[in-house]
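Quick notes on the structure that follows.
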């Protein structure tokens, strides 16, 4: 279907510097009902997911943005002359997960959950902008308080913290581990 | 036509920061004949020129790149106004940091700390409402005196300037390199 | 004050070889993220019910692993030792003669169990998040698209407290390059810490150990504090009360110890 609304939305998502939310699109397209915009975005997501497209619109970080399809990672890295992107270390990922679930958190709270001093992992995560300092805790020593950042959601392809693995998913993993041991 | 070559080319053009030339595509896709690449690009240009697309691949500057369609210029301008969110330049950040920790300060005091004339950074920070003029110093020339603003605290989620991280805290984050964290 | 002095180590030949270890029997400590990871590993390998941990046995296994350490650095060692001390503490609590059976919430192991369960959840979540990370790493997004036109007057700014502070202190460092002080963790001796603790106890009569712990920051210092308190309690100079493990420890100086010289 040839929908001009879908085209406008596509161009807006393309130029947006961060995931483009429904609210932003509405603010730009004054008077267009949210339902129409949502329908246009849905159509766009479906179109770009098709096999004959190399670039797709994905829903992430609470909004939409363009990304390449995973199949072309090798060629893109060749073009940009970038090595395979590094994963986080296990220490880094653990620290990030602890903060994600229990934020806001201080260094000593994170370290207590992990049973390991987490100062240097926090540093790495700060440098990668996956967490941010949001202030201080009213507690002895007024320790700095950390939260996950908007980049964190993007990094893991989440739309909000609600999309973190649920209690059920975690319980399932633990069940599987138990079964594997038996 | 569902062509994987077209898809690869689309993703390469998408991630390229400058017009992507035939030569560079060829260099990435070793062994693929130039004629095939040219055909894929032509197909892509034709596809994206169609009425149902908001973003098109255009031939410009000796290569190809994505651009929005001219029809949506007005909406795009509106969007960029709304979401414009710039990071401070490093000069701006330094100037702001100097004032935050050492306020109240005059222009020449800031410039002395930074070792660089800071007049234009001060102007930018004033425009962004991150600092404010609080009066004049009783000194030769009666220079203007700057302080950080209430918005500054808001942006950083601080309650007061006392909550700025101390040198020790930052040093701890910056200096602790531990073998435990890869 | 080593763990070996507290508990004689018996060889347990039934420790399973670990797949990660090339030498078969040698399991290196550094394959574990930390002491909790090691504990969870032992619990799994021994097929132990996490809600009913045989503390004596697990403590023995745990100390054994610690004993095999080859080259872990001091910080890590301190963390492993800290949990060793806690295990021993729980064991001692369980050995205390009691009038009646412990109610479930009084089980000295409960807080350790809660902590292990919590950590286990984080680890399980990590395995899911790792998959997400792997999937996302393959997708390239363009986060930077040059703005179409010049600056407008009023712009919201993205500002990070970390960037700001880092910027300031780097600037100061640059300016006074010669007189830069290097900040290092203090060397904490038991003697100094003991004096400090006793002084503080005299002044305030009671201290909240967790509060004290947080103020001291470094793990070594905290460990030393912990051992000092154990030492004070052992030598009957102080009374320490902890309602729940990992909660807070309140410490009083015994009245009759006020004038004694506690430093031999």
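The chains carry the letters A, B and C, assigned in the order they are written, with residues numbered from 1 in each.
What we mean here is this: a residue touches a chain if its C-beta (ideal position, glycine included) is under 8 Å from a C-beta of that chain, and two chains touch if they have at least 3 such contacts.
Quantities reported herein were computed from a predicted structural model and do not represent experimental measurements.
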| item | value |
| --- | --- |
| Most centrally placed chain, judged by C-alpha centres | A |
| Chain at maximum distance from chain B, centres defined as averaged CA atoms | C |
| Pair with more cross-chain C-beta pairs in contact, given B-C and A-C | A-C |
| Chain centre separation in whole Å, for chain B relative to chain A (CA means) | 19 |
| Where chain B and chain C are represented by their mean Cα positions, the distance between them in whole Å | 39 |
| Chain A and chain C: spacing of chain centres that average the CA atoms, whole Å | 30 |
| For chain C, residues contacting two or more additional chains | 75-76, 140, 142, 144, 148, 160-162, 217 |
| Sites on chain B at which at least two other chains make contact | 11, 14-15, 76, 80, 85, 156-158, 165, 169, 172-174, 178, 180 |
| Sites on chain A touched by chain C in the complex | 14-18, 58, 65-70, 73, 76, 84-85, 87-88, 90-91, 93-94, 96-98, 101, 108, 111-117, 126, 129, 132-135, 139-141, 143, 154-158, 164-165, 169-170, 173-174, 177, 181 |
| Chain B residues within the chain A interface of the complex | 1-3, 6-12, 14-16, 20, 24, 28-29, 51-55, 66, 68-69, 71-72, 75-76, 78-80, 82-83, 85, 156-159, 163, 165, 169, 172-174, 176-178, 180-182 |
| Interfacial residue positions of chain C with respect to chain A in the complex | 33-37, 44, 47, 75-76, 79, 83, 115, 118-130, 132-145, 148, 160-162, 211, 214-215, 217, 219, 246 |
| For the chain B and chain C complex, residues of the former touching the latter | 11, 14-15, 17, 76-77, 80-81, 84-88, 90, 93-94, 96-98, 100-101, 113-115, 127-130, 155-158, 164-165, 167-175, 178-180 |
| Chain B partner contacts - residues on chain C that touch it in the complex | 73, 75-76, 140, 142, 144, 147-149, 152-169, 171-172, 175, 183, 217 |
